[in-house]
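Common to both upcoming complexes is chain A, partnered first by chain B, then by chain C.
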Partner chain A sequence: MTGTQEHTALTRDQLLNAYRTMRTIREFEERVHKEFATGEIPGFVHLYAGEEASAVGICSNLNDRDSIASTHRGHGHCIAKGVDVAEMMAEIYGRQTGSCHGKGGSMHIADLSKGMLGANGIVGGGPPLICGTALAAKLKGTGGVSVAFFGDGASNQGTTLESMNLATVWNLPAVFVAENNGYAETTSSSWSVASDNIADRADAFGMPGVIVDGFDFFAVHEAASQAISRAREGGGPSLLEIKFTRYYGHFEGDQQTYRADEVEHARAELDCLNRFVGRVTQTGQLTRDDLAAVDTEVSALIDRAVGEAKAAPLPTAADLLTDVYVRY
Partner chain B sequence: MVGDAIVGVTANPLSGRDIRRLVTQASVFPMAEKANMIQRMLTAFGAVGVQRVLLSTDLGGISAAVLRAIGRHRDRDGIWPDVEFLEGQPIRQTAQDTIDAVRRMVAAGAKVIVCLGGDGTARVTASAVGEVPMLPLSTGTNNAFPVVREATIAGLAAGLVATGAVPAADVTSSAKVLEVRVGDRTETALVDVAVCTERHVGSRAVWEPTTLTQLFCTFAEPEAIGLSSILGQLSPVARADPNGITARLAPSAARQVLAPIAPGLIAPVGVAEIEPMRPGDTHAVDATAGVIAVDGERELTFEPGQRPEVRLRGDGPRCVDVPAVLAASARLGLLQPGRRLAGSAGPGHMPPTSPSTLRRYT
Partner chain C sequence: MARNITYREAINEALAQEMERDDSVIVMGEDNAGGAGSPGEDDAWGGVLGVTKGLYRKFPGRVLDTPISESAFIGAAIGAATAGLRPVAELMFVDFMGVCLDQIYNQAAKFRYMFGGKAVTPVVIRTMYGAGLRAAAQHSQCLYPVFTHIPGLKVVAPSTPYDAKGLLIQAIRDDDPVMFFEHKALYDLSGPVPEESYAIPFGEANVVREGGDVTIVTLGRMVHHSLEAAGELAGAGIECEVIDLRTTSPLDEDTILESVENTGRLVVVDEANPRCSLATDISALAAQKAFGSLRAPIELVTAPHTPVPFSNVLEDMYIPDPQRIGNAVKTVAEWAR
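Showing the complex of A and B:
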């Protein structure tokens, strides 16, 4: 048999963790959606609801040695990589107790201790970052893998294409994850991406490119396990194009006049959480009670996160000059 | 002037991009080449007098590339038929898009439907073509069913059948199909049905031979790629043979065969009992729970108590035999300038795609 990595069945604990993380992202985003409408949250937020199977399917194959770079739509990636949910919420509320002491907000949540290199306001900003961490992991021999999440808009950016080139030339332990939700802000990717299938771009850089159903946790998890083990074992970079739909607008407040009925269709027919629940209960791997217990736990976590965030202090003028420089 | 020499063309934007690229270096098939194939077919259709082409639309960029090409097309590059893009239906980026498009082609009177894709795409197209002949062209991964053939030649063959220059009855035959029933769900396969111990459909493609427990094939050719190759080396069955074949598989079985179950993946497979399948006979699936793959794609899950069944049928889709069409063309002199095509206006007699048509699309 040629070099394929054996794909082992997920354990009960792994399934529960995957569900807990996907549910946490969904609850987090639905709650931010609601709270943002009250006007209490400063700045912009871009919600990840609907895309949970991607972040969780990928990150459940990663460990503490591994790094990810995220996007402006980064809450899901942060949660899936283990960033503290209460600190994230406080960051979004701009509070001192936030992941970045309330000075970054939604688009700059980072936690290097978790290998989360940061959400990123620059479209196409993530791929160059993971070339750096992947090169470091390779030179130090840590066995770490770096993953860049980016969108269909970023797939058109020079930074992304340069990074894919460099990753192949240096044979980096890197995985490029193109999250194609169909729109770069309000521009349809079927209009703006010349190759349409972003996976096609991998060919030019001599790396494998595959398309994955982003509504199916099991499909993402399986493809990611192959891409990540390939990278970890020295096989080089690859590109996964995850196709799905975001449930909300580009940002909160987006009127979405450019969209047809795809959100209603996706929520009713394709939703990643519903599909996951249907599958694991049908096979008997998890019960409805198991899942209900997770739902209760997640709900309490999000309530606590919002409560703590609202009660936490704002940064002061004295905080302006802290965390600006890093001492090497 | 729009007549009834109509060809439907459907192209799957997702074919040739599954996990097998990652695990076994399977061939890549970029969108651009699928669009190029369609353009080469348009030239062939125009050359033999096809009047109208119905083309599926997609979000993968194939129809968009053809649309752009029509805008740039020069008459001296060859006359293209009128191309109608099947717009207006929701595109979900699932197999349903192909089914919807094929149904519209059938309803609009397509005489032949060409489908570009792999075994999975051919299977989905077959489920919707009814009595209309289909011509499956390979742009996928396994491709035990669709043939790898130059699109220009396929286009000539499809065109000659669509115009009636070569009677369809002479150059088409019904393929065998396998019907799988799980509870109230029914799926059909054109080549193989495999039972595996996986619990989830996951990334769909079957690439773990040790998970396979049972295999059913409509035909098993010794030179095949894909799951049917397992039996192709042990007990070949031709496409034209009315029977199929089935086997129980187990990694520990005494008889082992080295089978190319996917491009770049040659694996030892243990094969226990092999039995013929006769049309109409129902075969039970032994396993109590697992996943059933049709034509190499995990599609159906089943749980204890569901007892899936598999049946061979001889009344599958009618498929165009490309070599037979071109042999008939040679006999009848259909591609010889100066000799009229039977039943059509003949080569070079069709008007080019009109400027008004182009304005609709560009």
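Showing the complex of A and C:
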């Protein structure tokens, strides 16, 4: 796995932003976990808590001309790519004020103006799409890079493997990010992935494959920086395998009887936020007070988002029939 | 100025004119140039039946060959459409939808609705369909009913060179995802096509023959079989009104209902398999909205509920022919309560 001291190169603002975004994702997910238990949130919700270093480590290397495709576990990617947090919460509550006006829900939050092509309810749905945004960037010469986030489950889907092949064949500015949290629903990736590592598959598609410690923001940031620069400079696609543990079940309500005690261990010993705090305070780039101020700010943001979501209007009958087509 | 060109040439001309007009239009598909990475010609084919021939040289960098990876490149066309291009991707035979349908019906078709109206996905997926080339069960199906069922997609099936050009130009300019069905048995059909660019709006059926006795609603290749039958029936004193749907989504209900209200008799001719098909859909429409006008039971002339067979004798029996259409028309014309 890559490990690095590269973080000294990040500015104070960059570090604060990275921390703020990771903390926002964590607070968002912990709060959704709590609120889901009250029965007020409809449908399926898949939480990203524990995986924050991946979304933020990757997306902090991207800008608005870059695109990402996400997964069913998409809240973290959305927040890291700049989707409005209050609108996301309203969407999860099925409200008219939500990111998708209550018509998408947790699994379909998107903001194309930010290059966020959507969370995706189909495992392996995203990689073909980012081949397209990468192709558009290449043909239009925008310099944009496209990133597909997908899980260990999707690493076994044909769409993912076909897309990696196509990305090399067309020499696309693309990065494939396999987020290996150990489980496809209940099924262990150590059983379902036939190769030792997902990253090993990169070789077969003529691209570099790198295994990254997903609890370490700095390791992800550095690996992503290299892959994204390579793509931006015309060097073609890369595959990153980010290894970590999800803190909650496949979805809310999952009793997780298939798991051992890895979550307790990860929360206590490996947690990406704790590690981030330890390192930046040790180097003296940020103080505990700096971070506490962010915590207060984030906590207020999430409180406001939940309050607004609960108070927001529900969609009306008229909303049922709109936005199927641009024109029909 | 109109001159006679083939259905194949009309499609090629529509692509060329739109690529000329709009830099964001690109073409991609298996062998769409033909010969990528090979030692010989690098525009060897222009698609498996030559429809995109010549575009590769005319528009450098904008005609992309692909690996045989329909999920990846159809998905890439869809992704590129969300990012400002207007890709025309070729799904060589619609029978291959089985290896890429997710990208079409769960992604492209649903983006706009799922994302609360914030996505525009102007992708065209051209695809070959239909029986008649002895291509058997996996290269001959119609399958437009599958796509017509899905909200968010538009579905187009031109019957003539004129319509092929005008409907494809409309498809490329359209901001919604469009499935464009090309009947492989029509590629060599010639007809008058204006040289200049023109677009035919979707959802406007074409009354290709007027008549007051029986309404025939049809599309694609079956338009020609229906016209042949109608010509013979006129000799027997039965005047058919033949309606070419042109698009199945949107569907021009008004033209169908107006004709049925006038004739009181309806035959639907559809090359697709009969269950949950255009034929059943249109007969339901007439039964529901023109019940009072109907003077005879509706007749459906369709393929049987079987895969498309190989042997010519079997395939010829499978495809609805003018004689079966004629018999159906006579049945409804002669119906007495």
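Here is the rule we go by: the second predicted complex is superposed on the first by the 316 of 328 C-alpha atoms of A that agree within 3 Å, B and C clash if a C-alpha of one lies under 4 Å from a C-alpha of the other, contacts with A are read in each partner's own complex, and residues count from 1 in each chain.
In this text, a residue touches a chain if its C-beta (ideal position, glycine included) is under 8 Å from a C-beta of that chain, and two chains touch if they have at least 3 such contacts.
Keep in mind that this is a model prediction, so the values were computed, not measured.
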item	value
Touching partner for A:A227 - first (chain B), second (chain C), both, neither	first
Touched partner set for A:N197, first chain B, second chain C, both or neither	first
First, second, both or neither for A:A260, with chain B first and chain C second	first
Partner chain(s) touched by A:T322 [first = chain B, second = chain C, both, neither]	second
Chain B versus chain C as contact partner of A:S238, first or second or both or neither	first
Touching partner for A:S67 - first (chain B), second (chain C), both, neither	second
Which superposed partner A:A219 touches (first chain B, second chain C, both, neither)	first
Interfacial residue positions of chain C with respect to chain A in the complex	26, 61-62, 64, 66-67, 69, 71-85, 87, 102-103, 106-107, 111-120, 151-152, 154, 174-176, 203, 250
Complex interface listing, chain A residues touching chain C	67, 69, 98-104, 108, 110-113, 117-118, 120-122, 125, 127-137, 139-140, 146, 158-159, 162-163, 165-166, 169-170, 322-328
Residue numbers on chain A that touch chain B, as the complex places them	1-7, 9, 182, 189-190, 193-197, 199-200, 203, 208-213, 216, 218-219, 221-223, 226-227, 230, 238, 241, 243, 260-262, 265, 279, 282-285
Parts of chain B lying in touch with chain A, wherever the complex brings them together	13-14, 17-19, 21-25, 28, 30-32, 59-62, 64, 90, 92-93, 198-204, 207-209, 264-268, 289, 301, 303
